[in-house]
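What follows is a single structure, written as structure tokens, with notes after it.
Lettered A, B, C and D in written order, each chain numbered from 1.
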Amino acid sequence: MIDEVAARPMIEAQKLVKIFGVNPVLRGLDLDVQRGEFLALLGPNGSGKTTLLRILAALARPTSGTVRIGGWELPGEADYVRAQLGVVSHMPLLYDTLTAEENLLFFARLYDLPRGERRDRVHTMLRRVGLHRRARDVVRTFSRGMVQRLAIARAVLHDPAVLLLDEPYTGLDQDAAALLDDLLGEVAAAGRTVIMTTHDLRRGHALADRIAILSRGTIVYDVSCHAVAAADLPGLYADVTGAVTTR
Amino acid sequence: MSAPPGNAHSTPNKPSAGRVRRPVTAYWRAVGVIAWKDLRAEIRSRELVTSMILFTLMTVMVFSLALELDADARQNTVAGVLWVTVVFAGMLGLSRSLAAEKDRGSLDALLLAPIDRSALFFGKMIGNLVFVLVVAGVLMFALTVMFNITLIRPLIVLFVLLGSIGFTTVGTLFSSMSVHARARETLLPILLLPVVLPILISAVRGSTAILNDLPSDDWLPWLQLLVVADVIFLAAGYALFDFVVEE
Amino acid sequence: MAEYAEYMILGYATMAVILGAMVLAMVLRYRSLTREARLIEQIAIEEGLAGDREPRPDRA
Amino acid sequence: MTYSVPRDRALKGLTIAAGVLFVLAMLMDFFYVGPEKTQGEAQRIFYIHLGSFLGAFIAFAAAVVAGIRYLSSRESRWDILGLASVEIGLGLSGITIITGMAWAKPIWNTWWTWDPRLTSITIMWLAYAAYLMLRAGIDDPERRRRFAAVYGIVAFASVLFTIIIIRVRPDTIHPVVAGPTQADPSGGFDVAGRIRDTLFFNLFTFSVITVTLVWHRIRLENLAERVTRRKLDVLSEL
């Protein structure tokens, strides 16, 4: 039974269309991500990356098309999907008038973690992202890097099977980015399925198993990282998106 | 972190056999967690309640100056003063609490969680209700002193409670809509006042009848109307909130 | 008895005004829309665009 | 969505019927029934006061149905029905308010009294004016339709209170047509036969007028959408 279930991709999106007002943001996009696969999603601004992630995260409904995550269908079985989904987005999704510990405790309760485990789960996570000394400080006093690390701690707090990261590296300084690298490395090693959108081709290629390029609402390039050298990614990216945009 | 994904809580994949219990946080716990978070964030920052209370005291001053009346005329207007102030202070609180949540983007964090949308609605509503009741409490005390009419009586408290519940229910539903509008501060009163006026009238007429020690068949119909209104608006909030927050 | 007549006239007059205004507003908007539609069709023809010929906008 | 010929003809027939009924109703109001003994001529306003209120009630009820159907089916035609019925309902309830005031003057010799019935009609009018403000305030079309549907449903509660409040509040000085009133505890319709006929005819006429106006408004909105869509296609191809 396990292999039959395991064979099925963790994330399946078919013919996703999303139209805001009159302009189409997603134009019939198909995407499958296998269990435990780390997909780096590249693409210029306005190509629909964030919209795609919001649809996969059950935060937005597609105008048409179907989405299944972990075998659960959206939007009907959204609750099952939400229970196993961790999201890091542009916005920190944290409460700046609460302390780091209070924030994580709130999400631990919201995600219904077993009562006994909550406190030490929160503390292990804070230690893992290097914020245990600032546990009692209000998030408003945190730097951009610290907020991002806390956001990642929140995203993996309930041990989700799927992680959606929307440009997690934006605004991070060098060592915060380095810390984020091994955090994501560890997350990938734990067998989670990850989709990360980024503008950083080199870092995307280094971290991910597979690279996909999104342009004007559809996936225009999709290949495993082994099949393409990091060096010629920029050139390739330019033709695929450049070719499209300069017409 | 090293724990393999898909612990008991988040199922790795849709088990083919049988329905899994909906992994949704218990309804009332979700409501409690959200309301508790709003209150704790507010106790920490205290900006919302202080601005509402200052607004209330200033309004009471204005009314007491404007209504330099003899005793029995005051008897008939004090309930009106109470409710006009509660409504406007309440609207101040409503638009700030929802707007802050939306601007900070933390509304997404709540929409991501595996909880019923209506639990989110009632959590938010109860948070707002507490702020409104705090204002009403301060107000009743201030008015008792300024107008030297004993406002703090069981029946008046009942009317204040029922009126605040109705007002906050509709207020929370409408402020989650007006927060998306361009002129959100001006749109909320326009949307809210006409629909909430029947509650306001029932509460004022009922309270005044009690203050004048009239027999029960003078204020009982207003109490019944208030209860009916609360039930209708609670049901509407329960059924419609999902459509408001869905994208 | 008759002296109340002026209120009756006032009432009926307002009704007539409001109903008339509602109908008039719709007719005027309808006219401007059909004019606009005809204008667009001309532009379409002048530009020689394929654009399918919209069925003649229906009369009230 | 162009209209098939039969529906075209049906609307034309309905429009003519509405016009004829309206003229007949007016004739009845003035000639078929004599001035009422106590209120004199002013009593005639009563027919259109109640007729327009019934029309508005039907329109706002249609807006609730439209809201519920839109939220479940997400078809924009329900949203257009909602918009059309609220606009027509606003016009009609405007007539109800002003005729109410015109009627109040001779009987209670004041243009406006804070009588619950008059107040709640005005509250209802303001609630639906807010519906249009909400639509104007939201840019994203899909969200605007959703919010309008939600608000259209909740605002109907204020319509219900317009009717409930007269039952709950004995001190209302607004005479109750059906049901027990101060002056005539036995309730029911004891008004003279002619008045009753005229009243029912007016109620029927205003209902037909409401349906006709709403239907025309829907066609107007459909035309407007078709024209804008056509304009976008043509201009984008230039």
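Rule of thumb we're sticking to: a contact is a pair of C-beta atoms (placed from the backbone, for glycine too) under 8 Å apart; a residue touches a chain by one contact, two chains touch by 3 or more.
No experiment lies behind these values; they were computed from the predicted model shown.
Visitor: B-D versus C-D: which interface comes out with more C-beta contact pairs?
Guide: Ranking B-D and C-D by C-beta contacts puts C-D first.
Visitor: Averaging over Cα atoms per chain, report the distance between chain A and chain C in Å.
Guide: Computed value for the inter-centroid distance: 53 Å.
Visitor: Just how far, in Å, is the C-alpha centre of chain D from the one of chain B?
Guide: 31
Visitor: Roughly how many whole angstrom separate the Cα centroids of chain C and chain D?
Guide: It comes to 20 Å between the two C-alpha centres.
Visitor: Roughly how far is chain B from chain C, going centre to centre by Cα mean, in whole Å?
Guide: 44
Visitor: For chain D, which residues are shared contacts with two or more other chains?
Guide: Residues 139-140 of chain D touch two or more partner chains.
Visitor: In chain B, what residues contact two or more other chains?
Guide: Those would be 246-247.
Visitor: Hey, what residues on chain C touch two or more of the other chains?
Guide: As it turns out, chain C has no residue touching two or more other chains.
Visitor: What are all the chain pairs that meet the touch criterion?
Guide: A-B, A-D, B-D, C-D
Visitor: Using the touch rule from the top, collect the residues of chain B that touch chain D in their complex.
Guide: 170, 173-174, 177-178, 180-183, 187, 190-191, 193-195, 197-198, 201, 221-222, 224-225, 228-229, 232-233, 236, 240, 243-244, 246-247
Visitor: Considering only the defined contacts, which chain D positions touch chain B in the complex?
Guide: Going by the criterion above, the answer is residues 71, 116, 119-120, 123-124, 126-127, 129-130, 133-134, 137-140, 143, 146-147, 149-151, 153-155, 157-158, 160-161, 164-165, 168-169.
Visitor: If you look only at chain A, which of its residues touch chain D in the complex?
Guide: 20-22
Visitor: Spell out the part of chain A that touches chain B in their complex, as residue ranges.
Guide: Within the complex, chain A touches chain B at residues 1, 4-6, 8, 10, 35, 54, 57-61, 70-72, 79-80, 82-85, 87, 89-98, 102, 106-107, 109-114, 124-125, 128, 138, 154, 156, 158-161, 186-187, 190-192.
Visitor: In the complex formed with chain A, which residues of chain B make contact?
Guide: The contact residues of chain B facing chain A are 1-7, 9-17, 20, 22-26, 29-30, 33-34, 37, 40-42, 44-45, 104-106, 108-115, 246-247.
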